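Here is the structure we will look at, set down as structure tokens.
For reference, chains read A, B, C, D and E in written order, and residue numbers begin at 1 within each chain.
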Amino acid sequence: MIIEGKQKIWADYQKDIPDDHYFYVRSCIRQAFFPGSEVTFLDITRNKLGKDFYENPYHTTCGGIAYHSDTIPQETAMTIIARQFALMKESGYENYVCSCITSFGCYTETLETWHEYPELEAKIRQYLWDSCKKEFAKPKYLAHASDIIYKFRFEIAKQMKFPLVNAKTGKPLKVVEHIGCHYSKMFPSKGFGGAEYPHVLVGMIEAWGGEVVDYPERRQCCGFGFRQYFVQANRGYSESNTHKKFESMEPYEPDLIITNCPGCPYFLDRWQYVIAEQTGKTYGKNGYGIPALTYEEVAGLVMGYDPWDLGLQMHQVAIEPLLEKMGIPYDPKKKYQGLNGKDLGQPMCPSCIKSV
Amino acid sequence: MEYRFKGHLVEELYKDYRIKEGMKACMNCGVCTAVCPAAEFYKYNPKNIVNIVARKNEEDLEELLKSDTIWYCGECMSCVTRCPRANAPGLVIMALRKLSMRSGLYMQSEKGRQQYVVVKDLCSNILNYGYCVYPRTFDYETHKEFGPVGKWINDNLDDLHARMGSNLDGDGPGGLRKIPKESLDQLKNIFDVTGATELMEQVLNDAHQEAVKENLSDEEYFMEVYTKNDWEKHLNH
Amino acid sequence: MKENILIIGGGAAGMEAATQLQKLGLNPIIVEKSEALGGHIAQWDRLFPAFHPAKDVVDQMLEQVKDVKTYLNTEVTDIQKDNNGFHAVLSNNETIDAKAVILATGFDIFKAERKQEYGYGIYNNVMTSVELEKFFRTGKDARINNPKKIGFVHCVGARDVKVCNTYCSKVCCTTALKQACEIKEVFPEAEVYTFYMDLRMFGPGYEDLYLKTQKDFDVKCVRGRVCEVSEDMDGRLVIKAEDTLFGKPLKMTLDVLVLMCSMEKNKSIDAIQQKLGVANNSDGFMQNKDMYLGMNDTKQDGVFVAGACTAPKSLPDTVGEARSVAVEVFNYINNK
Amino acid sequence: MNQYIFHPFVLPFVLGMAFVLTYCVVGLFRVICLLPKDDRKQFWRSLVTPKTAWANIRDLFGDCLFHVKIWKRNPILGYMHSAIAFGWFMIIVIGHVMLFTLKPLEGVEVEGFARTFTNFYYPIFYKHFATETPVFAFLMDFFLLMIISGILIAVVKKIYSKIVGVKRVTKFGFADNMVRFALWTIFPFRLIAEKSNIMAFWWLYSIDLMIFMCLLPFTRYMHIPTEALFILLRHAGLKPREPRKGYALAQIYSCPSCGLCIDACPMSVNDKMSGNTSAYFMKKLRNADDKEAKRIAETCMQCGKCVAVCPLSIESCDIKMTQREATPYIINSDHSYLEDRHFDRPQGAEKSPSVLYFAGCMTQLTPKIMRAMKQIMEAAGENYEFMDKDGGICCGRPMLLSGKTAEAQAMIAKNTEIIKQSRAKKLVLSCPICYKVFKEENHLEGIEIQHHTQYIDELIKNGKLKVNKGEVNYVYHDPCELGRAFGVYDEPREVIENVGNLKKAKSEKELSICCGGSLGSFNLTQQERDEITENSVNDLMFNNPEQIVTACPLCLKTFARKSPVAVKDIAEVVVENI
Amino acid sequence: MDFGFCLSPSSHVKMDSIDLTTFNRLKETNPDVNTCIACGSCTATCTAGNFTEMSFRRLLLMLQRGKEDEAKKMIQRCMLCGKCTLVCPRGINIRKILLDITR
């Protein structure tokens, strides 16, 4: 591996996004499965970095998952997106940041398609007026939430308490980065680092002291596949894709996977459990899995957030070995507690993969 | 066999912007198939599909729309990055699926019929809650891979989201907040205006008809479609 | 007095044009930006289809131009035209007056790192066809350590919208097969694969070379464009392609991957070209008057083109054009 | 009083004779025992059936002794063979007749076992042991000289083979050369011994005989004793079933390696390929070189010319087929997809066609033949139907040629079924390959099977088809599977004479040279086939015809590659002259 | 636990682990097998291909891509008529190869 070659590409694929004043829209999956991530993102950006990230309570799903599950027409998805843009305009913002990669892909696709086919944009404008009596303005800048963390990765590093380093050996942790497919595969120039060697997560890992693992199936999809997950009969496809990735990364013995797409950490996490149940195989050391975390969770961890405040207990793969490696203190008792120490019971132990 | 757009499938397909955008000329280099996750785990070859679409042959297109093959794609769009002719097989698939649904031909294939499940789940989530995925409708029993932790999450949903700082079903901003009624109404209006409602109702109706034909309740039919998996048939040996 | 003809570029086209102009009684002057005449062909080891040493050809050409006035390490920095002809300023501050200008500026090799998914410049064992040729010439390349499996990727930087080169680069197919045979000669035990989309064996003896490649050298030709390359734990290359004839995705591990880089227009001449008013065609190469009967002419009076500056060309094509440009220039001078 | 007439020099002969007799008897039993049971019965029956018995006698004399066939081909060779064979035979016969008249030189009486033992060698060396009557003496000397004259020719032939009209002769190994040398010297030694009575020559004579007889079973000269058995078996109407067993074994040992087939074989266009000819095949089988035998068997084009020229009519093509059948296959064919094929009666066709036309695979590749046939049938007002308009089932011949008999039979049965479904009265074929199968294998009782040459000839003769005689000079090539296989030589020639001028090829009819395209060969490369084709074309161009006419789609395609003039199917030239 | 689905096998042709014994054996006796240019003439003319999926050029590929069982199944359809050999532009002796595979 010749790192200079990658660096050259990273230098070529830098996009211009502003530092402040963003209209923030949430991700359906992230808030449902990893609610701590969005909370952490807003806390870091607003409170630790002192930026303006506005959330409008009227914003809804972008419809991206429904669009990519082919349940709603393209025009519907575009009109929902136009409505979000209208909300942004009404709120007085022109920088748009979304938490979801599917959304990011849909927004980019919509803007590019409108650019190519202005008559379609006019049609959507009419649809939005007809349905919501709203008018939209296209955002001046469009960013994904991970772009923001990437942009401030060195600032975060300055506030870092627990770098991505094995506290005992002092060696950097081996970190796998997994980029959501819709981040830059459709429009390479829209992502930091492009489509082939995205830098958005690599930059974070490097800035926070970790060592990036480049393995053959790095670019492979996690396997979500929308309808391939939503219908039980199709889930073998989804599982097989994750399985392929883990088989490929296994020899590198990664300590951690970091993702920027809401769905990927869910699939990379849960399929490890299913693979273990079905085949008896685990990919971490000593019967554990490899933690697959969101970039917000990782940012929170390095900045010293309490792991259970980040919601790491909502992962099926046990996080404790990683915490121990990084030397992050944690209270095992609090893992399964609700607000004010309320006892929420404990999940059952899976038969194969270790959960504590 | 009767179906909508009979004799006009090609014409209808080529109206789709995703065909305009994604369907130039193919030189059969195969990079899309090489990178495609679905081509590895299903009997699927995006290159062949693009070729059929390029042929503009009504019979071939009908066969394609009737088949399982257009439903294998996971829409990861990895193919889009690589195509040396700037085609987008993933977009072509999306256009095909839409036409398959609108024409009714999707009911001819095992994988096509699954659209009922997806439409029912996702559209009702959007229209009722304003989200594509809503935790209260995400059932552990039908999502066993959610795992013991997932079951624990579902069992303690309110407590956990409160713990994590979500605003589950609450007013104002925050994760999983209750989407205000006026916003949900606007989503419904958008659905009506842009044809999503029509498509949704058609799919629900097609499924109902089929359920009646098979002597099943809608729920039973839903579960049949949700779980039916002629696994071997879909594999690419 | 003999009329001066300025030839920009001292590669095959420039040298051959100079040779012929000299025979026709004109005074060619070659301006070559590099330190030696010969151009790309001088970097080549052997030529397809018959494995003829390139040096033989280059030496013959050099011998023929030994009396031609030649500027090495020199570029044309400015050029003006008036009723007396062209007045060029060179980078060494000399000026040349000439009655006609021949652009024989040839091509550049496509920068393989632009095709990111192939990992050139990132993965150690990915190399270009030019580098492999150098290996054949010198026997040295750190990447080639008794490889067991070698792959060739065709159309790198050609027939590809994504790098803005939609044209076919013409000579790479034949070159790939030639090099595949040669590497097999060096490493007879190695398995050699070529990944092609079409094998364009357009010239005499080329199809025979193809047959020989398959039959005598046991080179395996797989129809399918390589889609992505990655590196495994051992630094070997994992490639993915579709075996399109088989209709299935294919995956394999290689020790060395050779990228058959296309020809691109030599952009270092752009400024002068602009001053001369010669436009580019849709492929980015220089636009000649027409491709059938005016291939050496440009829209500008007295400005001529020859060789690969107008399109990817093989050596015989280039030599042919160089000879024809000499005749064109001769007629131009005499009819003035 | 028991006393032997004896001298030690007889011992080599006795030894040799005892060996060769034992070998032959054992061999005879082996051949007969290894015949399939039914074949064996048929054989015994044939020996006592007057018709075959007569044929046996006729051929035993005609072929074994007088070599009638060789006489016909080349009188010098004929004389050579019959001089040696008949001369030797006569010497033996006369010698044994003399037993009753000879007087031992020492006047000893020999009786009982001694007598029997003595009789064993007595006639061979009688001049040393006895006096004879002048008549016999003359006869003996006469035949001895006759043999020697034959041998002289053989020696000359060996040195200048072209004199006797043979270009290529078989190449032999050490044993063969030894035996030949022995054969050449036996009789001169005997002559010298008899005339000079020098002991050394008696010894040489006897040792020569020993060498001859001891090595005989291992050489081509084994054909001398085996041929008789072969004739008997042949007349019993048997077919070879396995290579190197039973009847085939008799044939193998009957092959004299005379090499006539080498020149005849179309593959003998170069030295390398001439190693593929039947003579060598037989030799490989004799030497149990299975690998080579198999290779040659699969290289052979099955044109049948070697059989046509063989003086013994050895069925080498059939033996090669048994060799192919003996090759084991690891994959069995599965043609179950053919099961639901049936005759496609065209819509609206009430009546059954009177003529059913089957183009066949090869004709599908030469659609101009199909078109011509259609025009001819239209012009003749025939009620016809195409059987394989949209692709048919292969006739099965190639499958048979590969030795997969069972699979072939399934295809043949399916085609038979389709033909019967059509209820046609006549089946017309354009491809001689198909013709052979439909004629020999399909059970199509009540349906007339014609090749289109015969069919067109019939149409012209019964006036249904009117043709004009043109000016073009044609030469006709006999397709192997039409000519040599079925003797269809005259019909095509008559047809051509009706529409133009027929020139002769250099080799005609049963001597015609295979085009080189034959499906019979599996091993020949395209280059090798091309050489064969060039040779065949040259032969056809002997009288400078303007067009080559053939009656086989495969010949047509093959010749088209190499011919300097237009190559046409007979149907096409007829259509041009309607 | 029954999840209602399971891992699917990969359809990738894994060139690193293909057993080429049969093909290499074939190559020894028939060097022609390497010279196929996949023009498809054999498939287009195939008598068996008229009724089935028989395709010689694909069959050769199957042998080179580790699908020997499929190849052997396909070969069962062949009627050995030899049209493929006649139309092959590279003059490959296809019938010989087919027979050599079968034994």
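As a working rule, contacts are C-beta pairs under 8 Å (C-beta built on N, C-alpha and C of every residue); 3 or more make two chains touch, one makes a residue touch a chain.
Note that the structure is predicted; figures quoted are calculated from it, not measured.
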Open item on the list: Please report the minimal path length, in steps, between chain C and chain D on the chain touch graph.
Closed with: 2
Task: Fewest touching-chain hops separating chain A from chain E - done: 1
Open item on the list: Using only Cα atoms to place each chain's centre, name the chain farthest from chain A.
Closed with: D
Task: Chains linked by the largest number of contacting C-beta pairs - done: A-B
- [ ] Average the C-alpha coordinates of each chain, average all protein C-alpha coordinates together, and give the chain whose average is closest to the overall one.
- [x] E
TODO: Determine the centre-to-centre distance between chain B and chain D, using the mean Cα coordinates as centres, and give it in whole Å.
DONE: 73
Task: Cα-centroid distance, chain B relative to chain E, in whole angstrom - done: 37
- [ ] Let me have the rounded angstrom distance from the C-alpha centre of chain A over to the C-alpha centre of chain C, please.
- [x] 46
TODO: Can you tell me which residues of chain B touch two or more of the remaining chains?
DONE: 35, 39-42, 81, 145, 227, 229, 231, 236
TODO: Can you tell me which residues of chain C touch two or more of the remaining chains?
DONE: 117, 223, 228, 243, 248-250
Task: Listing of all chain pairs that touch each other, if any do - done: A-B, A-C, A-E, B-C, B-E, C-E, D-E
Task: chain E-facing residues of chain D, complex - done: 298, 327-335, 337-338, 341, 361-362, 364-365, 390-394, 396, 398-399, 401-402, 404, 411, 517, 519, 522-527, 554, 557
Task: Residues of chain E touching chain B in the complex - done: 1-6, 8-12, 70
TODO: Sort out for me which residues of chain E touch chain C in the complex.
DONE: 11-16, 27, 31-32, 34-35, 37-38, 57-58, 61-62, 64-65, 90
Task: Footprint of chain B on chain C - complex, ascending - done: 117, 155, 159-162, 197, 223-228, 240-244, 247-250
Task: Contact footprint of chain C on chain B as seen in their complex - done: 27-36, 39-40, 45, 47-48, 81-86, 236
